[in-house]
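Both of the next two complexes hold chain A, though its partner changes from chain B to chain C.
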Partner chain A sequence: MASNPQWRLHQPRALLAERLFVAGAWIAGSMGFLLPVAIIGYLLVNGIGVLSWEFISAPPRGYPLGLHGGILPAIQGSLAVTMVALGVAFPLAVASAIYLAEYAEHPRFVAIMQFLAECLAAVPALLFGVLGYGLLVVQFGLGISALAGGLTLAMMMYPVILIGSHAALQSVDRSLRESALAMGVSRAYVIRRALLPRAWPGIIAATVLAGSHAVGSAVPVLFTAAVVQTRSAPSLDSPVMTLPTHLFYLVSEAVSFEHAYGTAFVLLVCLLFANTCALVLRRRLRMRGE
Partner chain B sequence: MTTQFRSMPATQLRPPLVPAVTRGDASAAAALHTIDLCSSYGDRGVLTNVSIECPVQQVTAIMGPSGCGKSTLVKALNRTLELTPGARVTGGGVFFRDQDLYAREVDNRAVRKVIGIIHQRPQPFPMSIEENVLFGVRFHQRLTRHQRHDLVEACLQRTGLWTEVRDRLHQPAHQLSGGQQQRLCLARTLANQPEVLLMDEPCSSLDPASTERIEQLVAELKRDYTIVIVTHNVSQAKRVADRVVLMMEGQVLEQGEAEQVFDCPRTTAGADFLAGRIG
Partner chain C sequence: MAQVMAQDVRQLSRMTLDPLMWTASLAALLLGVSTLFLIIIYVLYQASGLIGEISLGAFLFSEAWVPLAEPPRLGIMHAWMSTLYVTAISLLVAVPLGVGIALFTAELAPPAARAVLQPCLEVLAGIPSVVYGFFGFVTLVVWFEAWFDMTTGVSILAAGLIVAITVTPFIASTATEALDAVSAGDREAGLSLGVTRFYTIRRIVLPRAMPGIFAGVVLGFARAIGETLAALMLIGNSVAIPGSVLDRGQTLTGLVATELGEAAVGTPKYHALFAASAVLMVLILLINVGILLAKKRLLRHGF
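Take a look at the complex of A and B:
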């Protein structure tokens, strides 16, 4: 029997292949861990010199501006612009997704809308910036302002939230829909009480993805909302500083690389904080949605 | 308990969606009947000229081999068939107390409230056990907290769940076992105060003990409700049915009193099915 190769119990080649595969998977998997840790560590090491309470609680000072002082107006500005964007894009995108998933009747119409949303999501941020400038800032006369920047970011976030929410709603079991409608209740009632509780985790995930993408991008707000320096607290009709544009200014004008690293670190921590909040929220909603 | 359950304050009902489809005295012999009902999925015809009768306070079993259109028929009875994309009723009619349910002015929501349906696979809604029972009621009626509590208790008592879940009414419904979930689905349908209960193979995903429990419930509930139950289990039909409709390839093969159909089927195909030679 031992002479018959088919009956060999010890197969070194198969074992080797298996081990190589496992090793490959480990290396690939560890990239997902190492990359963010390395980025955060690098920023921390290079920016630690400027990180202090003053850095996040004071406006920039010095000449050229930003050489000393902090980045408080940029944090406030980023927050303001993102709130405007979320406030506009989230309800619109979720409403569109509900329409596409629950009310639109022709499959072809849904497919076309989905395709257009995907195209919109693939449009480069620069084009949104130019569109926002041409349309909102100039045409609608909003001027360079937090409102114009927020609306530009909203345009960017809209397709991402729409696609994610649509997928989340579609992944809800068909028979749940049928059972709920069979109780003689309206479609809106079914959506509110049976479908959305199941879909919220997916919708939140898409929103966080869209939001963090938008917060971190400098280009759309560069033409529509951002200035190098502001003195007052952010308001809708006045220009603001934002974290990514401040970072861009610090680096491109070679003001202070240490301040740039510090700013990048703060931006990253803000995003991590937002992501963590979303994670907790999603877990809560998932538990409630079961 | 039964009278209390059936006499929920009628004054608090929302205005009827359609005046003709409301609770009344169960006087007509057939609560539900169809005349030459035809339906199709897309271009494919499923039901052809189906005429059946479901008498008041009796259990009508719809039987037949897989794919013969049993489920389509039972869904057409309360206008839930149109929830399936592509499915529609193409001819004939379904009549509840001589009111055509497919008439233009009839609101399908009112129909679904009066004629409740239990599906094959229990599908608890993503909320607590208590809220599951109240799902339809919260839409159709405005009740005080006290009335809601009474209704939940009454419906869960009726389906034999109360003693099992009274301590965990606020826990998610998906934590219940399959059999309990199916009884919960029954309870929430009863909370809607229907007159007819449609059951689409309610036991096919349950274990024997739960199946027996559901069959007991069917026997108890027929005192107050007209019941239509779809099954392809001949022995189950023998246990619960007063009246039997045998279907094959989208048509009614035979129908009549249960004893008559089981003891001396008129057609060879019917006899073959009941003897287990077709299935």
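Take a look at the complex of A and C:
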């Protein structure tokens, strides 16, 4: 390298290339900063004007539907399917992570399970929707319902919570676990009293991320849970409106861009809030780990 | 047993709670992970209903998509061509941008800039697909109508550009990881020879980080072909075979998302939509399995 003197610091050609590189990298870096700020800012600025008490507390009205009124049933529906999904996926995923981190004895088994979980996490949302529709809605006869949508989202959340919780459990200091076990208490006791209290910020952070991902995801609920309009409060066996599918309907049928801005605003504010919480939790976990 | 109980109550909990937790947590793990096989088997099973209706070659390469014709014509060539166009455009934009962001983050950024940039990219990755679609609809589509004198701005190009934004944070974070893994010693050895920072990065850092960056790009590719709503809302949903990037089109994902809810269960069209999903699934799983298996080898190169 040094035998190639034209790349030395004082050579004009080398300096030019260096300056171009630095300029290019700074441009890319500022794009990475400006893109999210511009997109979020644009949607929030346009959305905040639409927001009113009526918008978040009334059902949609008008013809075509959604031209007037609000998005209350969509907020309720999104909450309902997400709660069903969390109720199913959270206990399953945390229990699975506990098995992998504490009980599993063969490293090879752990590696295979991790591999399968990562494959599952890579499956696109559409395929979960296709499975949920074909299997849950049609073959199991659940119909288009909050239950079918919640179960579909649960399948999608499971690997995310599993991978995050497993990492959180593993990050707990090895010696803590060993000294506890050396005192002769059971594994279950160690998990409950020593490991979970230290791993919970990481577990909650992974769950919040998986949950916010699911709240924003329209495709899996599009065929399994969502309808354009509901009159009643959400129940497990009836279809629901959700925020992302309502936004999709408002835009694709060109009903009302004004209300689409409002819906996007509500959705984004919820997600940003959840993501910030997850970020703070993860920071705290990392600090404790160091 | 009586002895044990006399000794210690904790001992009892070991006898009862541990086997219970062991069994329950193993059952949860096996149940959860089995959804992967459930998806694979179910989608392939439903897709197999198409066998006998149409040959694989015609399904993929020659037939048009006219499900209402008698007999129905069920080819998905227009869909995978649109997917290919959208993915190519998105990678053309996202790879330079993502790798540029990674080079900035890993090599140049002052710590404060790095601390700001990383949450920014996480926010970008956290925006839902449907919101991206809406954003593209009120910005890109409107601009295209003005710039290219189009009657509607929905096009493959608009979809590709928005999908590019959705995959950029992925490529950027994987590439940053790969660059960070190159040891500071190698870097300093280059700089100590008196060459420029650019030359050090080009000849020492990049070759070592290349396998990791490559993995990030391939995973970005898999995400781009799986992207559904953002593309669906901007591409115009036309079943004609696209001729240029300003034409309308319909991605594989968009085809399934548009038609599945309306297809009568058990008809050839229903099975054809599962077959289209199967094509997507096989492609994405092969890519991910390949990268996951190669990951160790790809990363070892960096150390």
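The working rule: the second predicted complex is superposed on the first by the 229 of 290 C-alpha atoms of A that agree within 3 Å, B and C clash if a C-alpha of one lies under 4 Å from a C-alpha of the other, contacts with A are read in each partner's own complex, and residues count from 1 in each chain.
Going forward, a residue touches a chain if its C-beta (ideal position, glycine included) is under 8 Å from a C-beta of that chain, and two chains touch if they have at least 3 such contacts.
Since this is a predicted model, take the numbers as computed values, not measurements.
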Partner chain in contact with A:91 - chain B first, chain C second, else both or neither: second
Contacts of A:173 with chain B and chain C, given as first, second, both or neither: first
In the superposition, chain B vs chain C on chain A residues touched: C
Partner chain(s) touched by A:29 [first = chain B, second = chain C, both, neither]: second
First (chain B), second (chain C), both or neither touched by A:143: neither
Which of chain B and chain C A:182 touches, first, second, both or neither: first
First, second, both or neither for A:193, with chain B first and chain C second: first
Contacts of A:252 with chain B and chain C, given as first, second, both or neither: second
Common ground on chain A, meaning residues reached by chain C in one complex and by chain B in the other: 184-186, 189
Chain A-facing residues of chain B, complex: 78, 80, 83-84, 109-114, 116-117, 119, 121, 123, 125-127, 135-136, 139-140, 172, 174, 185, 188-189, 192
Touch list for chain C against partner chain A, complex: 10, 13-14, 17-18, 20-22, 24-26, 28-29, 31-33, 35-36, 38-39, 42-43, 46, 96-97, 99-101, 103-105, 107-109, 113, 116-117, 119-124, 126-131, 133-135, 137-139, 165, 168, 172, 190, 193-199, 201, 203, 219, 222-223, 226-229, 233, 253, 256-257, 260-261, 265, 273-274, 277, 280-281, 284-285, 288-289, 292
Parts of chain A lying in touch with chain C, wherever the complex brings them together: 1-2, 4, 7-9, 14-15, 17-18, 20-22, 24-29, 31-33, 35-37, 39-40, 42-43, 46, 91-93, 95-96, 98-100, 103, 113, 115-120, 122-131, 133-135, 138, 155, 158-159, 162, 184-189, 191, 209, 212-213, 215-219, 222-223, 244-245, 247-248, 251-252, 257, 260, 264, 267-268, 271-272, 275, 279
Residue numbers on chain A that touch chain B, as the complex places them: 173, 175-186, 189, 193-194, 197-198, 288-290
